[in-house]
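Both complexes shown next keep chain A, but they swap its partner, so chain B is in the first and chain C is in the second.
Showing the complex of A and B:
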């Protein structure tokens, strides 16, 4: 059963998966391609600069992978108006778990490619003293951030129209309350509080917040 | 009649009585500062109708803003006293700060604490600017007006690691002498040679972004150290660690010294910075530099690997969101 769902997921999102895995493979290698030899007094400077410049690319790939896989998980069912899923002798929750797990597996695969590529790039670079390579840490953060974004997007894309309407209504109410709180000169604004919570240190997206440095102090 | 001569005349009359009894040089200096501030108030003209005074802090504002400004100024002065010590009240008068005017509408979300912090920072900057040239030049007019953030300490650590200065790695390893060199505490004539090996000069000259002339190719192209040296000496040499490193050293000295530390730091303007830091901190400069190096080493940025706590948090959220998604019974 899982193999069938995985195969369906692969068919839907293979282009995105191959492309994103290619980027995950290329970025760490490209980021350290111009690294000078450790005997160059400016090597630490160059490595940190390159690492900082490329650090933005990893969360973008994680987010793109999460989006592509979450969309790919639902596309076949949406297209067939869930007829295939309804004919299967499994409960809805079990079917969703299978769909979720199939996308998750492909996401972790992209994370593994990033880990291998980052390890190879770091191994090929002679680091000056006081600098460290974090290929495994980077790959783990990629996977965690990817899983968080994938779960949220999977749930949002899979909403029934009724639930989607409820969520849109809740967001509108929040915006109205936020404007009202601003007009009434209240110190607490529910909209600001909500945004703080979504992007705060305790949010599911907290893994996106830190420095994604392959080479760092 | 213009308002300025009238205000000046009033101020002079008011001070005549006490002139005889006091030291003439001191009173003249104080008069000068007072007249300056009165002139500024007069120039501000119609927009300024009230002056809030809290200790040494004076804020020119409007009567409408007084209820907001007065408590913030008092809070700011308390902060100044706790940072610089009570002796600061006897030092030179601080310039009048301008805040709003009669036309200013009080912002709805005006945070009194933020205002107090701003007044305190302005007063702290003015106090630092009044100090002697040696101290001001060592800090390059970049003063420790507020406690340094952890991000700034991370930046200092990053500088120590990435800049190819001769003493940086030894300083990070905890050598006080190396840290003294990195922080510009050694009185040397040839700062460039002390800080950077000649092999680094061509790139350093590029980074220093000096204006170029045709002869400069001997440095940038042929990498001749002497040519680079003459380019680099046309302006300030980039320090091995940003000036925030020096600010942090001063902050540590003031914290270690406790009450009166700022007074001891600024008491003897003829002494070297090293001796003044020692006097302020009440410990040897080597101990102070050791503490500085240790604190900077401890400011490593967060590693990319997620912590166990973060992993649990994110996975917990994922489980909740997924469970909510599966609880929905309808397919479409």
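Showing the complex of A and C:
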């Protein structure tokens, strides 16, 4: 059953998965290309600068993968107004779990590609003293952030139109309140508080705010 | 033996549309034609039966099990063909069959292979590229290959050309003959069901207008040519419609007719001819009388 769902998820998202896995493969290798050149090896400063510059790309790939896979998990059923899924002899919770797990597996696959690529790139680089490579940490961060975003997006995209409208309305109200609080110079701004909560240290999305460095001190 | 489908007091409403206190019984082994004009509520009823919608009241039992409590078990025994294609368009025919088979433990791969060959469905073709007829045949294939005890077909041949329609219905008939499965088939193409069904239920504006064996439905409905001035006071049949027909005569459409009732026409020559109605005519007259219950009064 899971294989069937995985296969349908792959069909739906394969272009995005191949593209994003390609990026996950390329970015670490590109970020350290030429770092161990025999004639002109990079200094610690060069390595840190390159690592910092490329660090922005990994959360973007994680977010894009989460979005593509969450959408891919729902789109086939959404097109058929969920009629097919509702007539399969499987409980709704189990079907949801199967769909969620299929997308998750593909997401972790992209994370694994990043881990391998980062490990190869790090292994090929001679690091100056005090610098360390974190290929597995980077891959783990990618997976954690990706899973958190995927879970959130999977839930949001799976909402009924009515629930989605309610959430959009709530966000709009929050923005209006935030702007009003700003104009009135209030100490407490609900929009800022909400963003702090979503991306704060105790939020699963906090991984997106961290430093996505392949090479660091 | 339990009825294949037993619905009592089903009610549901959305916007202006409402199903009111609907009773429906599909006897085990019957081929039940669920008739009704567009918008009568056939698809809604079917979706309520299969727990795709939440009913407001009433009870539904399918194959002896309660809906929605036992819906997973029920769906394992029900082959469903919806009104509109619902399969994933990115899959190929073969992938769609494999996907369906993965969820249905009784799925018969040999039968699906035979049906695919019989319907001429290309294994590698994407569903998005299939014609309407091919998609219709694929949905019938999937429903039959899962070896269901009950087939629920919601306008399965709507929009299909006559050749495809005949192919699809033949396959269903063969399956039913072979297995004794029950069928609920909804359609507004009345003539299509005439040779196919042994029970018929007529739904109109969310209410069940009639439910009876096909033979009774057809035989009790007649068109009588009567002389002018014939008065219909307390007839032993239901007078559904009366129309002036040419000079000095009327045509009555009646329900519950028996040959013996000719004696009711006392005046000699008052009853000139008794004509059979085909299912479509009977259906139209039934709807007409249901919508205007008082107009037939003398």
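Everything that follows uses one rule, which is that the second predicted complex is superposed on the first by the 196 of 217 C-alpha atoms of A that agree within 3 Å, B and C clash if a C-alpha of one lies under 4 Å from a C-alpha of the other, contacts with A are read in each partner's own complex, and residues count from 1 in each chain.
We take it that a residue touches a chain if its C-beta (ideal position, glycine included) is under 8 Å from a C-beta of that chain, and two chains touch if they have at least 3 such contacts.
For clarity, every value in this text was computed on a predicted model and none was experimentally measured.
**Q** Both complexes share chain A, so when I overlay them there, do chain B and chain C fit or clash?
**A** Fit.
**Q** Is A:81 touching the first partner chain B, the second partner chain C, both, or neither of them?
**A** both
**Q** Go through the superposed model and pick first if A:109 touches only chain B, second if only chain C, both, or neither.
**A** Neither partner.
**Q** Answer with first, second, both or neither: which of chain B and chain C does A:190 touch in the superposed model?
**A** neither
**Q** Between the centres of chain B and chain C, viewed from chain A's Cα centre, what angle do you get? Round it to the nearest 10 degrees, please.
**A** Roughly 150 degrees separate the directions to chain B and chain C.
**Q** Looking at the overlay, does A:140 come into contact with chain B only (first), chain C only (second), both, or neither?
**A** In the superposition, A:140 contacts chain B only.
**Q** Go through the superposed model and pick first if A:1 touches only chain B, second if only chain C, both, or neither.
**A** In the superposition, A:1 contacts chain C only.
**Q** Quick check on the superposed pair: does A:12 touch chain B, chain C, both, or neither? Answer first, second, both or neither.
**A** Second partner only, chain C.
**Q** Which chain, chain B or chain C, is in touch with more residues of chain A?
**A** B
**Q** Quick check on the superposed model: minimum Cα to Cα separation from chain B to chain C, whole Å please.
**A** The answer is 8 Å, the least C-alpha separation in the overlay.
**Q** Would you please give the residues of chain A that touch chain B in one complex and also touch chain C in the other complex?
**A** In the superposed arrangement, which is not itself an observed complex, chain A uses residues 81, 86 for both chain B and chain C.
**Q** Taking the complex as given, what residues does chain A use to touch chain C?
**A** Residues in contact with chain C: 1, 3-5, 7-8, 11-12, 76, 79-81, 83-84, 86-91.
**Q** Using the touch definition from the top, list the residues of chain C that touch chain A in their complex.
**A** 50-52, 72-76, 78, 80, 82, 84-91, 95, 98-99, 102-104
**Q** Which residues of chain B touch chain A in their complex?
**A** 108-109, 157-158, 160-164, 169, 172, 197, 199-200, 203, 300-306, 310-311, 313-315, 317-318, 321-322, 324-326, 328-332
**Q** Flag every residue of chain A that touches chain B in the complex, lowest number first.
**A** Its residues touching chain B are 41-42, 44-45, 48, 81-82, 85-86, 92-93, 96-97, 100, 129-131, 134, 136-138, 140-141, 144, 147-148, 151-152, 154-155, 158-163, 185, 187, 202-204, 206-207, 210-214, 216-217.
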